[in-house]
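Next come two complexes, and both contain chain A; in the first it sits with chain B, in the second with chain C.
This part shows the complex of A and B:
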């Protein structure tokens, strides 16, 4: 394989890493914004509920961190961070790109939907403050799939950078 | 007809406010308890648990007229406050333009005391109309046949109310179409149908010739046929076949009552039917339907409070009051 193809492979890896944290970060910002709008309206009428609302606002922010972890892992395993000089073929680059993209989409969508679930939970707490414990469960269920997305991404990255697989992908 | 939730961030703030406000809605038992009170002072104390607490204070002397204004003021204040927080004022305007048209009716009758808080029609505009400067008359009013034929000058004040009603209904239709909400559009279409039936039924009771409704209530896009059919059917019992649909069924049920005011019962029942239909909007986390459903619930609550308090002050029969309590939001 010519050096140009190797460079393209490496570039695709970094593109995947960028998409992983970019999409996840955008989703988290979006999700938090949805929850914050609802929360601000509630606090206008009942400022004393701020403590109970804080967790609901923070929950959609976790996806941004998951995307960040995935991106860091791609960069360390492919040698951008840490200085290891593994050979990245076009096949490995493409695989990493799509792993990063998949992770980013999973985090983006789950963050937005978690923001909506948090908004619904905030609405419930506003009406029945004693239901705060139950209201946190709704967005927590959405969180499950963000965690599953991150786990799958980590496993894929580790698997794809094993010597046997690197050899198989060219 | 499930309300769409596609604009969370924009409607989130106002719907967050509503989440808190709707927690203070009153159940039917509250109104029944209020009816059972013997003294007006006790009623005022109980009212301290409602939205009215900022408007009344125990120990103050109240006349029944003052009470009547308090309920309207309370509703208007909350509605205006929500309107300022809404990304689009349309769901709130559907409730507030009624004030505008009541003020407009006064202005066209050359009166300059506008008792209702204006929403879309400013005091300046109304004052100009009262001084016969018709340049700023709303488009919905200018669409009436009476205006276009110049018949409006020197018209009987009772007929003028019909023309204003027509303009009001055209405006409702216009706003509901702009909301792009299926729930709100369906509600307004059924509300307009029932409004026409009630107006024409009451007109018939008062001996107003039905041809006036054809002349002055029209044109209302999609409803002119209904107005024409009702106008040429002098027997109110035959209206059910003309009305059709869910509203026709309610009208038929009300017509079965004997020796009572059919139109009043119809108005009461259709109001409950429409409120229950629109209540689905209350299950939306954020969106115009949520605002609309809340305001409808608030309006019903204020109407119930007004009915009970004014009824008790004027010694209206308790059983009558209990029967006329509208369905509550909670």
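This part shows the complex of A and C:
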């Protein structure tokens, strides 16, 4: 579809998609780098812990994917890729924009904080390698809110773009 | 399938044979030795035997020293997968005996120390040379002997940088300049230095010479010029000559280091570095074992004639221990009894082979206490179920199953890794099932636009799919939460079981049954929001809720003194801040299970995104199909790894936090029998022999 086709509502949708993956990706990058800083220090002394560390580093990376999923879902559900394009009103567009923004913020903050939680877990593993299982739990607690945020986003996107709902919103 | 019953063993033997006794116990590898003092009364005049561990300690130090040196000079090219999970070395008794006989540790150590000293010396000297060269570098352009620049009895010579601007502004007619002789050393180009970000200040090197009597005035003047002095090194020759000399020295010492590197190879004695390291590790395991044996010896006590050692043993091993000890030490007395309730008994759990992988999780969280029950059998179905739902994709499941099967075959000797591989294997099977039910085969790769009309994946997908979570999200969400409710109820039931085992019948009713009644009531009432329930069912819900709540309010505060306090405690615990559970806690726990849906969706949506990208490339003529395949392979491998990690971590979390939170308390001391096998090295059994 050519750009002239994009009405304001539709444009707002993609703005929201951009915010969702942009903020989430930035958060994951940030969170991972926090964990990596801690990890590099530990590996200098104890290179054998690499395997356990890798898991701890990878944990804050999921938020980026959650944002990506939200963005892709917006694109497919509004018909930008594959499938028939549906009419999107200004109201729906605005709603979508803020859903994307909310998702982005949740992912951004949780990724950063998860990075910090991972770093804390890493220093625990450094001192007591046998408690790796427990250390993995710390970041998982933080991630809960990223998962819940994603779920809410997915539900919103699906329901906002179903024809019935669209009619209802005008 | 539970916590293995342990027996407490006490062996009393003649004092002379104490070393041999501990050695026998060590070889059997079935008994954990504990501090025998703790079981004696304080006034028993037994003493701790004196044991010298210094030789084992020094040998271990020597081995570590050689290993360190080898790591510095012969770093092993590590296999990436191996570095993920460090595996113990596997050896056999023949090999161990051969190494003990042939390997001359002292000689190797002496050689290694020499090499290490040479190496460190050379490193130190190179560092010194480098600092000196660093100091000399700014003086490279002074083409006279340094000696000439020394201050003499009456004349002071200073060399240093002055900003070019200031130098130009010098008014030579001023009186003081009549006393100073100066010359630019590097007239052509100066040292450029940035100041305040915008201005570059060009500094030139200048030599000043003046009579000592004017020193104070001149120095004041120079500081106004922003003069920065360079301290001259105490050398006589030209800087260039000295530099060349240093360069040569450095080269020499570098050669020395290279020589050391070469010489380290002698340590290998025609082995590859890996083999040599393996030998050392086996030796290390041997000496660690010797040391552990000596430490165990010190845990026993001795009197004038007798030596006594005490410990725990698995009930099934008692016969073996008893027979061996009685045969080898006919005059010994061995008593075997049940541990008393107040003892801190170590815990060993044993589960049938099929269920064993999940034992890893129990060990991770912390072992159950000896008097409680082992949760391992009760977290099999739910863990694999959660994993399967989170990872739900048929093709990923097949990949994981194959990977698990391959790894478990490869790692049969290593218990921990083997369990993990088998966990992946079962998890893969579960993913295949849930992937088929939710219709995810590499995401939506089955669609005609990727693989063409009527492809086999499409037919299979259509055949098995019963719910598409993307289309019927709310239904899928309710299923996920429903599983959560079931799992929470299962947890409460296990809590009742635990309380029943402790004969706490009031607890069974109040902390278990009352909650189940109350929560069932709430669930029925919540059902009203979604569908129109018949009046009678709804009323039953209210009735159940009220009965349960009354029971809880009356019993939850039973630890608190005073009727009013007890009542208030009951009321608060119904809400869920204190007490065994709470309505808010239950809602929170149940909602947490929505991650099952979210992670399941993540796996398939990311896969779909990669399919979409690959599909766009497919249209390109000639290379399109190749790009299509490349993007698919890379994308799916990536998604496979990240989703597997997510699925594992989150199913584990659901088990540890939501499920274990209901009934389980871990943290017991694991049972560690005295024996050779360790994380470092294990002995493959050939035949029964004595080390």
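To be clear about the criterion, the second predicted complex is superposed on the first by the 163 of 170 C-alpha atoms of A that agree within 3 Å, B and C clash if a C-alpha of one lies under 4 Å from a C-alpha of the other, contacts with A are read in each partner's own complex, and residues count from 1 in each chain.
We adopt the following convention: a residue touches a chain if its C-beta (ideal position, glycine included) is under 8 Å from a C-beta of that chain, and two chains touch if they have at least 3 such contacts.
Quick caveat: nothing in here was measured; it's all calculated off a predicted structure.
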Fit or clash - chain C, chain B, common chain A: fit
Partner chain(s) touched by A:37 [first = chain B, second = chain C, both, neither]: first
Which superposed partner A:68 touches (first chain B, second chain C, both, neither): second
Touching partner for A:128 - first (chain B), second (chain C), both, neither: first
Touching partner for A:140 - first (chain B), second (chain C), both, neither: second
When both partners are placed on the shared chain, which of chain B and chain C touches more of chain A: C
Minimum distance between Cα atoms of chain B and chain C in the superposition (Å): 7
Overlap of chain C and chain B interfaces on chain A (superposed complexes): none
Chain A contact footprint on chain B (complex, rising order): 5, 8-23, 85, 285-286
Residues of chain A touching chain C in the complex: 47-48, 50-51, 54-55, 58-59, 61-62, 65-66, 68-69, 72-73, 76, 81-82, 132-134, 136-137, 140-141, 143-144, 147-148, 150-151, 154-155, 158
Contact set on chain C toward chain A in their complex: 83-86, 361, 363-365, 449, 470, 473-474, 477, 591-592, 594-595, 597-599, 601-602, 605-606, 608-609, 612, 642, 645-646, 649-650, 652-653, 656-657
Complex interface listing, chain A residues touching chain B: 33-34, 36-46, 115-116, 119-120, 122-124, 126-128
